[in-house]
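Chains here go by letter, A, B, C, D and E, matching the order in which they are written, and residues are numbered from 1 within each.
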Amino acid sequence: MSLATYRKRLRRRWKKAGMEPGALVHMGEIPITPVEIHLIEYDDNTLIERDITGETDFRKYLETSKVSWINITGIHDFEKLTRLAHDFGIHPLVLEDIVNTDQRPKIDEFENTLYIVIRMLHMKEEPEAPYEIQSEQISMVLRENVLLTFQEREEDIFNPLRQRLRNRKGHIRRLGADYLAYALMDSVVDQYFRILESLGEQLETLNEELIRQPGPGALNRIHTLRNEIIYLRKSIWPLREVAGSLQRGTAFFITDATRLYLRDLHDHIIYIMDTVENYREVLSGMLDIYLSSISFHINSQMKVLSIFAALFLPLTFVTGIYGMNFEYMPGLGNPDGFWLTLGAMGIIAGTMVAFFWRKHWL
Amino acid sequence: MSLATYRKRLRRRWKKAGMEPGALVHMGEIPITPVEIHLIEYDDNTLIERDITGETDFRKYLETSKVSWINITGIHDFEKLTRLAHDFGIHPLVLEDIVNTDQRPKIDEFENTLYIVIRMLHMKEEPEAPYEIQSEQISMVLRENVLLTFQEREEDIFNPLRQRLRNRKGHIRRLGADYLAYALMDSVVDQYFRILESLGEQLETLNEELIRQPGPGALNRIHTLRNEIIYLRKSIWPLREVAGSLQRGTAFFITDATRLYLRDLHDHIIYIMDTVENYREVLSGMLDIYLSSISFHINSQMKVLSIFAALFLPLTFVTGIYGMNFEYMPGLGNPDGFWLTLGAMGIIAGTMVAFFWRKHWL
Amino acid sequence: MSLATYRKRLRRRWKKAGMEPGALVHMGEIPITPVEIHLIEYDDNTLIERDITGETDFRKYLETSKVSWINITGIHDFEKLTRLAHDFGIHPLVLEDIVNTDQRPKIDEFENTLYIVIRMLHMKEEPEAPYEIQSEQISMVLRENVLLTFQEREEDIFNPLRQRLRNRKGHIRRLGADYLAYALMDSVVDQYFRILESLGEQLETLNEELIRQPGPGALNRIHTLRNEIIYLRKSIWPLREVAGSLQRGTAFFITDATRLYLRDLHDHIIYIMDTVENYREVLSGMLDIYLSSISFHINSQMKVLSIFAALFLPLTFVTGIYGMNFEYMPGLGNPDGFWLTLGAMGIIAGTMVAFFWRKHWL
Amino acid sequence: MSLATYRKRLRRRWKKAGMEPGALVHMGEIPITPVEIHLIEYDDNTLIERDITGETDFRKYLETSKVSWINITGIHDFEKLTRLAHDFGIHPLVLEDIVNTDQRPKIDEFENTLYIVIRMLHMKEEPEAPYEIQSEQISMVLRENVLLTFQEREEDIFNPLRQRLRNRKGHIRRLGADYLAYALMDSVVDQYFRILESLGEQLETLNEELIRQPGPGALNRIHTLRNEIIYLRKSIWPLREVAGSLQRGTAFFITDATRLYLRDLHDHIIYIMDTVENYREVLSGMLDIYLSSISFHINSQMKVLSIFAALFLPLTFVTGIYGMNFEYMPGLGNPDGFWLTLGAMGIIAGTMVAFFWRKHWL
Amino acid sequence: MSLATYRKRLRRRWKKAGMEPGALVHMGEIPITPVEIHLIEYDDNTLIERDITGETDFRKYLETSKVSWINITGIHDFEKLTRLAHDFGIHPLVLEDIVNTDQRPKIDEFENTLYIVIRMLHMKEEPEAPYEIQSEQISMVLRENVLLTFQEREEDIFNPLRQRLRNRKGHIRRLGADYLAYALMDSVVDQYFRILESLGEQLETLNEELIRQPGPGALNRIHTLRNEIIYLRKSIWPLREVAGSLQRGTAFFITDATRLYLRDLHDHIIYIMDTVENYREVLSGMLDIYLSSISFHINSQMKVLSIFAALFLPLTFVTGIYGMNFEYMPGLGNPDGFWLTLGAMGIIAGTMVAFFWRKHWL
């Protein structure tokens, strides 16, 4: 994430200074999209799926024994969201967090509700732009048999899951809303592997570039990748705690069966963290290599320079002596003078070469 | 914060060496401003607001069921402060901390009183001066239904809050002094986002400068920003503990409703810490880039130098040979001598170029 | 492990995104090898050994009082593995982990089953290839008197253990499946000492190379070894937790006798970790030495260069003066002019030498 | 503290190897000074002060209800100290620690006695010497109503405290021996602020020197200050634990009133640690600046060198060509030959300048 | 410890791969020395001392109320050791650890036995060899009133202790086997101070060398000392835990009196660790100084080089111009031509000097 993006987020935050905590504020840059609500209500035998467009009293979904998954796309119709929050007893602070989409991953436990924030990661897909990881906030409100999910934009990552629900494939229809929440988090975490693979590809390319032609361009790309990896680490690290506290947590509606799956999710996140840490160390090793290969180049250029200077500066000086125009100079009239001088120069050059040979510079 | 400011504070501290702990001392540099006391007394239905100028027995505010917010501006009239402290049963050590305004953020629990120190941050606003974050101490003494706040100077950051109290907007009038204390801390923390944004702006400018024209000026600004970020981190880090221990603490008059808001505040502080850490890493990456781009420049200058020296030193030597004034030199009389020599020089130059080509220096 | 290997693994992972957790997927690159099942059933007096080829109801092994060690080689016949898992009540997630052979070492506790993953390490044996540590996943499922082990390939590292079982040597026949699991882990950890020895050998060779002839080759090998050591650390570190939690764990079928052996194993792993950490520090010291010896070389070449330039540039300039062709130049006609000029050059050279002597450059 | 001082201490230590733990040994270098014992016995109403010269049975001070402060100056009369230790039931190991004055700050709890070691810090006051912090050990033995303090030398830092005792000023006379111990520790810690201020002054001077004239002198002073800061940190860090465990400790004779003061002391120590950490980071930033400003200088000298070499080497070569003495050279007889050659040289120079301009070297 | 020593140890380890845990193996390099057993049996009144040569039933020493100290020198007669182990109920794994003398310091608690490993440190005493710390393993098996100590070689470090036992000096005869074990550990730790002193001496010498004549020799010695300090830290760090867990441990036969002495031992170890850490930081500071002083030298040589090149290259070029042999050159016939040219060169030189003066290079 670039510094500019960071700054934009921070400005948005302090613009709210002085307002009531829990107040919902329209951020200028984001267009107000309509809220779309999609409902899937299911148990082992039946599955009802529909879009909710008009006004509904959502409280009925709390009282049925079926599992209801209510997916809300678009978070800028505050009136509708407030009504929804009221029906499900969502705390104003939670609603504020849902709307302010730069939360770090976290889990907040309320009396009979869990509020989970995770971040969906994408790669920026413009081909010429520098490598950049972008993220979208996925908020989940989990009650005993209801799961609410909030997305900023329509994304298709939950479609395979919907398909599994419709197909009665696997045990997803037999287990409750807690397993559904797990399955959604698992889908999101699975995307991280894709991000890691593309990062690894960047690292490989960079590594080859460093060997082929080290230069400031490579340095800048090391810098960019380093910032992206730091950002990635910041996004994933708290997720570990989220999965961990879900698994070990006290919420009564997380069943033991689901806890086993959450342990698996926890393992995946640790695997991802390990990879990210590994990338960080590889990248820092690349910087070391870059720096020391530059030093090595300076060294070998220095060697060439010193050898040529030490060889030719004395010789040129000797030619200079006999290039002087004094009338009376010894040896100028000597028929062998030229050859004697060349011989002397040969001896000087030989001494120099021997000197450099002994210093292992040749 | 500059080293000089640091030193001034330390001198003030040891000047007090040997005095009774809890003794209040006039620091020379600060003018003795009068103490102004502003009272807001409210419950859900009524709100009384007035300035307290004469002598008052403050103990009555402890016995009413309304919430009293007593804001004290100016901390140099020790007599008045001591009387106030006596009425509210404030420990002499707390009073000493209120007056010595370089405390780090902390929370001290007493039997039925909480003493909280937080730091309000500003940017120095003189346009030409180097970037510097300044801070002011806000002390809060919280009892069951009374909140005392102490400020060095009149600041307007609490005005939006006063307005909310007057407007009966939100639940601030329905909740107690604990929520009021939270709301004040939240106002202060909201200002941190502004500081972070301005820091981010500095980092962006610096980044561009490093790419455009790296030099000692940029280096000095890296150094300055680094010190400011270290200072910022030192100011915010203990705040995390303050919010955390308030939220999890045992003080009986912190209601569960307020604890939820304190959890939210805790999240904000962690978000700020994350950003500060991120800035630190970005800055340290910038220093790396600066250093390695200098190395790279040295390298490419070295290359130019070596090539020119290795090319022209031998050639000039050859011209020197035929510039000698010996009477008997072979070839001087040869009509093609000049062209043969030029040819030899061409071969030497070609060899050198081939050598550098193979070394990938060209 | 190279970046390319890493990337291949990651791609495999996200290819599974959207699938049911616990689903088994054929990875394209691995040929489907048949599953071979080898059984050793023993108690203190008897030992039965046979290959299981046809279909068997494995549940009978759970009900006997003898210890059964079922070693499964090959993990790509999912149908057979699923049947086996069903018989032994292995959770689908565990089976998924057995099949996806890039798990980090871990221990998962289920009600009456322990699932242990450790990694067997090899050195790549192609003589010309860069040094690379490869690893294979060994999965163990431990129940009260049954131990299942899963290997990707037939390896002979468990043969000494089988021999010990057949020989009735030592107490391995008297102790239960928990001791057998320990003994297998111990065999694997013993191989780590071999890896460490070969790594140490590489470090010694590298150290000598750095002293004899530092260059980019040495630098690249430092980089390679550094990545291998990082990878090794990542593989061994979680093993410490595995041994620790086995030893302190609550699983009822781990006897006190075995716990003593597990403490010993834990000590071995810490010894290995210590050695790895030591290697890391030695390697980072080598990089420091490499960098500073290059700086030192640059310094001494610089010295030679400066001395020659400072000595001969002024002298050559003097010869240049008397090489000019002005008609009226003082001293040209002087019979001692040549010698006086040589004398002046001698004085200049002497001054230079004295200057460098005082600067300790000679 | 210099390496030499360190070494002296270590030698003293191992000279004792093989002796009985608790054995008291005369260190050669320290002259045997007589032990001076000063007693202040007080309660809220009375205060008796006197020097104890002859033999006394100290046990009586344990049985009175007054508070007794027995200050022992000089620690080399082992016989007298042993008698004293016997009267107060001081463990031989504690007496050994009192006599070996290079302990790190610590607190040892015995059944009804606390043994506290803190270190008094001074700056070396010889004007020409390098900056060095020196320290003296203050040992305190605290029982319910008796405080013993041991000093190596007569120092006046406790005088203000004595004055406060005599004046009945503050509550020092009303509180017990535990408060007295706190007040002594507080006096010592107050002196640390002075040390920190002088360190800060050194840092400021150094910072200016680095900007004005960076050189090996500044580097050596960075090194010295760094070692002093490390030493300071080592002396203060354990003090934090001392204050913390006193405050939270279980000793029955530490009253709640004193615990509040100890919390304040704890805050002071954390403030000091923060400052020391800050100094460390500032100093490490200075080293970075020093190194990169040297690199920057090398870079700009390199630039000058390359430009001059690339400009004048080719030109001088051209002059060399026409300085050769061949009889048949084209153009020598051309009346415009000189000007044409000068023109060619101008074109070469112009090309070079253009080249450097495009490379941003000019 | 050198890399070669490390490697030898590792080879020995994996040579045992596949063997029964607890199996005793003859390491080729170590000659099989006879086992010598020395017994001291004492209580407050009596002391019996003798060498045990024949076969004995050691179990009787477990049943007496006296304290028995059985010191075994030589660990290669496995038969004798196994018999001894059997008599005292020593676990096979413990015996294996006694025989494999490269354990890290540790404490293993068994039901009624403690097994302690510490390492005795020596300096290599060959005068010309590089500085190297060597270590020997001391194993202790402590039961209620029996202490077994195992040494590889006859060393005299326990002699002072034997003398103290014989002399009835101090309380060593009144306290039990636990105090004896403490006293032995204390003797070993006392030797560490000697090692530290010699290390400090090396550091001082190195520091002087770095100031006098920095070169690759100094760099190598920094490297060697760094490795030794790392090794020292690895040997001592676990000792802290050993002393700590002995002191706080649950073993019933460690008396409260001895625990006080163990706390003292713990303090000594922390003092040693502090010193080692300090050395590490001093050494890393030395490396910084070395590197930056080389940079500084490069910088000042560069300055000299640039000044000479920038001064004389243009001047020599000017002489070259008037050295050309054109027939028609302006000014050659001018009687003042020579002086005018010299004047022009003076102006060029003056400009250069002014330029360097303004750049603070002169």
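Note that a contact is a pair of C-beta atoms (placed from the backbone, for glycine too) under 8 Å apart; a residue touches a chain by one contact, two chains touch by 3 or more.
What you see is a predicted model; the values in this text were computed from it and never measured.
S.K.: How many angstrom between the C-alpha centroids of chain E and chain C?
M.R.: So the centre of chain C lies 26 Å away from the centre of chain E.
S.K.: Go ahead and note the Å separation of the Cα centroids belonging to chain A and chain D.
M.R.: Result: the chain centres lie 42 Å from each other.
S.K.: By residue number and range, which residues of chain A touch two or more other chains?
M.R.: Only 291, 295, 298, 302, 305, 309, 313, 316, 320, 323-325, 329 qualify.
S.K.: What topology does the chain contact graph adopt: line, ring, star, complete, or other?
M.R.: ring
S.K.: How would you write out the ring of chains in order, opening with chain B and then chain D?
M.R.: Result for the ring walk from chain B toward chain D: B, D, E, C, A.
S.K.: Quick check on the complex: what are the chain B residues that touch chain D?
M.R.: So the residues of chain B in touch with chain D come to 3-4, 6-7, 10-11, 13-14, 16-23, 91, 93, 97, 103-104, 106, 108, 110, 215-216, 219-220, 223, 226-227, 230-231, 234, 287, 290-291, 294-295, 297-298, 300-302, 304-305, 308-309, 311-313, 315-316, 319-320, 322-325, 329, 331-338, 341-342.
S.K.: Okay, in this complex, where on chain C does chain E touch?
M.R.: 157, 160-161, 164, 169-170, 172, 183, 186-187, 190-191, 193-194, 196-197, 200-201, 203-204, 207, 260-261, 263-264, 267, 270-271, 274-275, 278, 281-282, 285, 288-289, 291-293, 295-296, 298-299, 302-303, 305-306, 309-310, 313-314, 316-317, 320-321, 323-330, 359, 361
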